[in-house]
Amino acid sequence: MAKLKWGMIGGGEGSQIGPAHRLGAQADGLFEFAAGALDHRADAGREYAQRLGIAADRAYGDWREMLAGESGRDDRVDLVTVATPNATHFEITKAFLEAGFNVLCEKPMTMSVEEGEEIVRVVEATGKICAVNYCYSAYPMVRQARAMVRAGEIGNVRLVVSNFSHGHHGDATDADNPRVRWRYDPAMAGVSGQFADCGIHALHMASFICDDEVEKLSADFASTIPSRELEDDAMVNFRLTGGTVGRLWTSSVAIGRQHGFEIQVFGETGGLRWASEQPNQLIYTPVGGRTQIIEKGEGGLHADAQRLSRVSIAHPEGFPLAVANIYCDLADAIRGETRDGLPNAQAGVRSMAAVHGAVASAKADGAWVDARPPMFR
Amino acid sequence: MAKLKWGMIGGGEGSQIGPAHRLGAQADGLFEFAAGALDHRADAGREYAQRLGIAADRAYGDWREMLAGESGRDDRVDLVTVATPNATHFEITKAFLEAGFNVLCEKPMTMSVEEGEEIVRVVEATGKICAVNYCYSAYPMVRQARAMVRAGEIGNVRLVVSNFSHGHHGDATDADNPRVRWRYDPAMAGVSGQFADCGIHALHMASFICDDEVEKLSADFASTIPSRELEDDAMVNFRLTGGTVGRLWTSSVAIGRQHGFEIQVFGETGGLRWASEQPNQLIYTPVGGRTQIIEKGEGGLHADAQRLSRVSIAHPEGFPLAVANIYCDLADAIRGETRDGLPNAQAGVRSMAAVHGAVASAKADGAWVDARPPMFR
Amino acid sequence: MAKLKWGMIGGGEGSQIGPAHRLGAQADGLFEFAAGALDHRADAGREYAQRLGIAADRAYGDWREMLAGESGRDDRVDLVTVATPNATHFEITKAFLEAGFNVLCEKPMTMSVEEGEEIVRVVEATGKICAVNYCYSAYPMVRQARAMVRAGEIGNVRLVVSNFSHGHHGDATDADNPRVRWRYDPAMAGVSGQFADCGIHALHMASFICDDEVEKLSADFASTIPSRELEDDAMVNFRLTGGTVGRLWTSSVAIGRQHGFEIQVFGETGGLRWASEQPNQLIYTPVGGRTQIIEKGEGGLHADAQRLSRVSIAHPEGFPLAVANIYCDLADAIRGETRDGLPNAQAGVRSMAAVHGAVASAKADGAWVDARPPMFR
Amino acid sequence: MAKLKWGMIGGGEGSQIGPAHRLGAQADGLFEFAAGALDHRADAGREYAQRLGIAADRAYGDWREMLAGESGRDDRVDLVTVATPNATHFEITKAFLEAGFNVLCEKPMTMSVEEGEEIVRVVEATGKICAVNYCYSAYPMVRQARAMVRAGEIGNVRLVVSNFSHGHHGDATDADNPRVRWRYDPAMAGVSGQFADCGIHALHMASFICDDEVEKLSADFASTIPSRELEDDAMVNFRLTGGTVGRLWTSSVAIGRQHGFEIQVFGETGGLRWASEQPNQLIYTPVGGRTQIIEKGEGGLHADAQRLSRVSIAHPEGFPLAVANIYCDLADAIRGETRDGLPNAQAGVRSMAAVHGAVASAKADGAWVDARPPMFR
């Protein structure tokens, strides 16, 4: 099977996100890194792209140049990854979709709900793929959890508890560090800090595994480091369409938690637990029975979990390969095999509506608000 | 040192709570089981008491008989444990305090805030000891956590997350089991189900370790099994007097969680984590440093943690000895050595105000309410 | 049920073992502490015994005085606990058994195999109970493991791996501390250091759970701190009567291991794992199936595990109550209800033979030796 | 930096090892998959290679054809991976080295010690790189452990305990499954079963982290499933050159252990613990201090651990990227930057000597044998 052609916007030298996507796209030999506009400094971007093996004529100075260049080629890229600063995601994603490219956009897909709805409409109009990089949902055992819920193995879901809390912004003496500070500054981060940064992964995961949408929510935000304008800790209660009760805690001042993203799903006939620091196990308890450890790679897993597992049981696979799983699903989707686990533009706009809803609720002392984008009400 | 004399009301044959208190009172040889009114069936209670070694004249038929009998003796009991049905705690506790006895009351101390305030006034008037059995707070490593907070070892506490969630009431087919059903029936349980049953332990613990009182709260209650009138799942956001942000999740339908009582405390310079299923370790992370495991019995622990540890490092001590620790503190207090870790009547009435506050907030869609008893506002 | 009368030899003021036995005997209200010769200093022992509530005429100056005193009484103690220095166990235990007392002896029961065989013969002749305090075997989940093996739930046992390694003697700068040094000095500790101290618990446990006896063994001893004459680290390979392969590692220089006593049992159709630091869970994996967590207190446990569990599921019980379980079994046995889980004199002499066998093997470069006492060959 | 050119022998369609190496070589964009002789069926191999994107003239029918073809090219591959059946490793590796290629050989490098010594001599003569795929040693936190030992952070190492035990061959009813059976059949597996298969990884790791060589050993082998000629369980005691005491347990019948490869290293001033199922943490305890969790990605790690970590703290990386780390080191080494962590031919022949030594010892009832290849005695 010939490799697909892949291009990237952003992810320049020294970024964390560039290597993550390059590994994700290339680990399984599915994509060839064929084009890029990697840096906001045009020359640096062109030079770096060529150092990474991209042909000179496809090492672009900016995304508009790349759009023009690729649009004119017969061997145009099959997929464009957008990994630029958040505020530019909308414009770039929209432009590439409209020009007929498939796009993988880093989260957030957009800054406003309106922009998000616009992307959904563009996707519908063009029929192109627009995925959003909620890569945690691509861990095999998360897919197993979702498949178990869908198969009714824990009955109707009564309750989902999804937390994503860490302590890496807990040092007040480091709060002015530019790599930290921007996340709590509305001028740069938008309306929300920690909830938009990490909490939204947890909310997406709750919706993803329960296979239901967030309907309404109530939020309590706190800036526990007073110099921060945006929240560094948030609690969000929510309800899914099927009536499932949701609890979501996210924090960046939870000192001692490293990557505390974990989800618990409780249904009528069983419970599930998954944690991102031990992603290769899914903990399952049937009602009235003993807790069991489901291992990635064991026999009899659901298809999506099997498909996205590369090595045999108890050989751990980690975060970079969860990103690679997104690219596996994308390669399949580009070739025409629908992968409904792939987070799409609708997931992107729903997340944006939830962020704006949570902000509004928190400002209104926790009043319950509709968390759906208008287009889905 | 002569043993103190101890009596018990309730805890009859077949109860779980009777053996727990007898072990707690006798394990360290501090109390002699001298009197009891153990059963609401007078004869059964008298007979059982004698089988347990109580003299016939102190094997009483009911608590009033015991009150009269003990009041008239020179060798009257030094301590009375009240382990009767919840609705009777107030009347019995009050009567014994007023007659000059020290009391250990099972939780809840009372059913209403007014009754709780009455107990506080009686305690002040009589000078007797009234403890409430928040026994989890007597685990040595919980005491260590509190001592560390008091000593400033994690700085001002920004955030506390206290969860007590289990799944033992998650089987809807078992919901009519009388041992389960009463907890969700207002006629028997009062205004709250799971929050009053388990959540209140978590709230007390948050206040206990942070050494601050709960000031206000906002609650989201759910009855995930629809036949239940009272909540089986609750999320409570709260604030402590010092400004600490609080998060509390409690559930009885979290299938797979056995005894999921765990607390995380996050301060300016460190974080702490403790879980009741592994009570002999306290997890500590200094800001910017590595997570450390503090072991019960290690050198250099704070005094309260050392005092309540019986066996050397890494020899686990469990729940029954946490109850015994309450009795250790009581024996000391009776002999005049103040043990400020002992949960007192003020803690009892504050819990009751929090329960009623949470119920009111939940009914008002999560509106924030004052969680303090009127007497402490 | 009237309390049984209990006496203790050794366990004076300041000892660790005294409180452990007093708690064990009294926690469940089964024994009354009626007599004692608690200290090698006669006056101190008499005074301390009275402070603990023992009548003056049963507060003895030494064990011979106690033997004479109790032998002459109608209300003589039902059980004597021997918690004196190791070298005296044989003489005292033998004397009390011959005088018709039941005895719980601290380990080691004797210093030599010959003495151990002598105790077995005395037990057979007198019909009295002689238990040895291998208290780890009294944890409920250890009893569950044994019952599962006996019931064939993991098939014939192929392999048992039993480790008891800690790091508390790993500090060479503390090696001359008298509380540490004696354990590695043959003049005080006998022929073996760490293997006799901790390893023997692990060997007993392997035999106990597998319900088979140790037949032969091969040992590799090391004194990793060169000043030590006796071993501080040992590996012992062994075979049980049924052919089960055994592996046992014990160390006192394993810095970072606190109380690393853990056992894994592998049969034809399943595996079991238990660890003393989390004693309330037993991990079970059926062949070809998922690992399950068996909780103390869950429904359907084997009788011995149920009987020795005091509080409901997931309320941890720890080391002191494992000791108390030995006393529960003793109380039953004294009243005529056989408790075959109680470690007896045969277990005591088998341990002694294994210690001497391991020493001989280690000296012979790991040659395999018969590990059975001559009387059981 | 232009990609290096890489070829593979073996790893045909349907193999597990093929994808693992392709991911390892390509994940970080360091190697281009340029040539291959992937299957013992020439046509199938050529066809599959082309499907994977290899040019037709470099899709070879067997290794000799590949050796001839690549030797004649200016753009010959920079590295050849040998992933063929074990018995062929020696011949192929030797041939490619002698023709001036760098080689990564799957373990075992050879079947005999003599062959292993021959490879060492060829490496010395040619100056080419010959690495052996002990990929567990390339986990970042294993490199951290080794660097800590080298830096003296735990003092001289007294004791190392290295276990690699699983239960995946524990089902006797599956013992005739060809994918299992061959491992215990001397005609196919050679002189050793489980020790050569898994144990040797554990032995290499012990030597790797302690930075010392295995000098002598004593082994106890067992075939717990009687139909097996070779051992499925083994215990090996050993000594390293510096005097470190070693313990190694390996089993394939340890039902319930999934990938139980874990190592504990105990020095004069601290202990370390690492487990392959949670490879991103290293547990460290300084003597007399508290156990600490060292996280992959935290600040201040040793250079080798930092270099091989792709994503930030607490984002797990797993087994496939440990293989990729071997390729990272190889790419650096090919470009002239020595990577002394790369397992080399000397490690390969030492392993072979240890396997043969253990077999001899086990046959001699555990007699201690010299475990060094003659060339290193």
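The chains carry the letters A, B, C and D, assigned in the order they are written, with residues numbered from 1 in each.
Criterion: contacts are C-beta pairs under 8 Å (C-beta built on N, C-alpha and C of every residue); 3 or more make two chains touch, one makes a residue touch a chain.
Computed from a predicted structure; not experimentally measured.
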Query raised in the report: Taking all residue numbers at the chain A/chain D interface, are over half used by both copies (same) or under half (different)?
Result: same
Report summary line: Note: of the two pairs A-B and A-C, more contacts are counted for A-B
Query raised in the report: Between chain A and chain D, what is the separation of their C-alpha centroids in Å?
Result: 35
Query raised in the report: So how far apart, in whole Å, are chain A and chain B when each is placed at the average of its C-alpha atoms?
Result: 42
Report summary line: For the pair chain A and chain C, the C-alpha centroid-to-centroid distance in angstrom is 55
Query raised in the report: Which chain D residues sit where two or more other chains touch them?
Result: 291, 295
Requested in this report: Would you tell me which residues of chain A are touching chain D in their complex?
Outcome: 1-3, 16, 19-20, 22-23, 26-29, 33, 51-53, 166, 168, 258-259, 276-280, 295, 310-321
Report summary line: Per the touch rule above, chain D residues touching chain B in the complex are 290-295, 298
Query raised in the report: Of all residues in chain B, which touch chain A in the complex?
Result: 154, 158-159, 161, 167, 170-172, 218, 220, 222, 224-225, 233, 235, 237, 245, 247, 249, 251, 253-257, 264, 266-268, 270-273, 283-288, 291, 365-368
